[in-house]
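Letters A, B, C and D mark the chains in the order given here, with residues in each chain numbered from 1 onward.
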Amino acid sequence: MASFEFPVRVRYHEVDAQGVVFNAWYLAWFDEAMTEFLEHRGLTYRAMLDAGYDVQLVHTEIDWRAGIGWGEDVVVAVSTARIGTTSFDLDFAVRRGDDTATCTARTTYVVIAVDGSGKREIPRLIERALGTPAPLRGT
Amino acid sequence: MASFEFPVRVRYHEVDAQGVVFNAWYLAWFDEAMTEFLEHRGLTYRAMLDAGYDVQLVHTEIDWRAGIGWGEDVVVAVSTARIGTTSFDLDFAVRRGDDTATCTARTTYVVIAVDGSGKREIPRLIERALGTPAPLRGT
Amino acid sequence: MASFEFPVRVRYHEVDAQGVVFNAWYLAWFDEAMTEFLEHRGLTYRAMLDAGYDVQLVHTEIDWRAGIGWGEDVVVAVSTARIGTTSFDLDFAVRRGDDTATCTARTTYVVIAVDGSGKREIPRLIERALGTPAPLRGT
Amino acid sequence: MASFEFPVRVRYHEVDAQGVVFNAWYLAWFDEAMTEFLEHRGLTYRAMLDAGYDVQLVHTEIDWRAGIGWGEDVVVAVSTARIGTTSFDLDFAVRRGDDTATCTARTTYVVIAVDGSGKREIPRLIERALGTPAPLRGT
């Protein structure tokens, strides 16, 4: 399965005094990319909430190889890396026009009930949207 | 009435590629300063919500005279500028150690009911916290 | 002259605990919209800097009429409101799909030299990009 | 060596629509906490730059156990976890008043020359500030 790519236009305020995108904004980008990925695969965030489910970020690992400057157009590639019982992992890769990955990440999400009652087994509608795992990062 | 001063330590990511605090962060600072101002004057945000009231920002005007760099310690002075029937104005002044105001602002807040029923006359508990108007900006 | 419209997809983290976009993010949106507006009219930010000019925000006024929730697609309309000797004003209007303006703003930018020598008369390349003033807001 | 604790007051705009601090802001907090930690141990960021060195974030791992709401006062504990040849690790723990760690993280920084010539061996002034490693997280 080809991974999904979410285009990001770097915002001026995301670039810090070192002239590159400040590290925290990558997590904000991944958050958007996750939502768009699920939507692209048929599951809107709204539909997930309406079905009684939400996801909670419990773990993330990020590796940076290079910085990104203002005016650069990048994409965030997203792919399902693992599907467990109550949690799943997504892989992210920030890529430049020349396809170099300047940053990769893996994030673990736990599926919870919106009524506050805690963890849930991954339901069919989320499993279907996640598809067959195809990691972007080595383990 | 002397105005209240809220100390701000500039965060690294608030400084943009021009080397000064990005304009949008001033609004985030004013938001914190407003909350601290009311709390300093005896009204916590929680108590206001518990009493059934919230405030909504409907207008702001900001003037910048100079930029602020990373590592600079500044204060945001806050003072009540006007108390109307359902709205009030606060004045803000961002000041350096030498007391120069690098930025001043005036913001209008409307008092609303937390139950979604709209505008409310300014209740006693908010009026008391606001005190006697003493604008920091000319009109 | 029809105004330029810059599409904005509300990011999850821009929505605060009140369920609407936090006020400071509007300034970040306007900043992006300004850059895109000039670029759309033939002047990239890079070309402006290369020609020795930059712009500095000195004043802004914002009026909010309604909040914007997560998942809403909005546009930021931009139009030149005034061209002075060393400064110019842009008007912004945040519009929903049904064309309601939920927020309007006017921002004053001063043209400065990139070499740190201060204000400059608005050069031809910026004037041309700004075009004929066509305010979106009343004065 | 007791770890350093950096107090954080949650800002209103850091809380998202789920009612807890949005994940990306943790990285912004850690960034501030790192700077304050080094300064507390005798090395200001300015002095480091003046000596010709800067640090670059190349890896981070974060684990969240619970969310943090608005109005909560938390501290970010910081401790040196590892000192290598050209890189070092810092551990972070976000703690509530009752000392529960709601989030822990480990970040790897590479020491670089400010002149753009790349990696450098960790100089004495940084090594001294880092002190003896005392990890907050298991490996």
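Here is the rule we use: a contact is a pair of C-beta atoms (placed from the backbone, for glycine too) under 8 Å apart; a residue touches a chain by one contact, two chains touch by 3 or more.
Keep in mind it's a predicted model, so treat the numbers as computed, not measured.
A.B. asks: Relative to chain D, which chain has the most distant C-alpha mean position?
C.D. replies: C
A.B. asks: For the chain pairs A-D and C-D, which is connected through the larger number of C-beta pairs in contact?
C.D. replies: Higher C-beta contact count between the two pairs: A-D.
A.B. asks: With chain centres defined as C-alpha means, what is the inter-centre distance between chain C and chain D in Å?
C.D. replies: Comparing mean C-alpha positions, chain D is 35 Å from chain C.
A.B. asks: When the C-alpha atoms of chain A and chain D are each averaged to a single point, how far apart are the two points in Å?
C.D. replies: So the centroids are 23 Å from each other.
A.B. asks: Quick check on chain B: which residues sit in contact with 2+ other chains?
C.D. replies: Only 12-13, 22, 24, 28, 31 qualify.
A.B. asks: Where on chain A does chain B make contact in their complex?
C.D. replies: Those in contact with chain B are residues 12-13, 15-17, 19, 22, 24, 70.
A.B. asks: Which residues of chain B touch chain D in their complex?
C.D. replies: Against chain D, chain B makes touches at 9, 11-13, 28, 31-32, 35, 45-46, 71.
A.B. asks: Could you list, by residue number, the parts of chain D that touch chain A in their complex?
C.D. replies: 18, 22-28, 31, 54, 56-65
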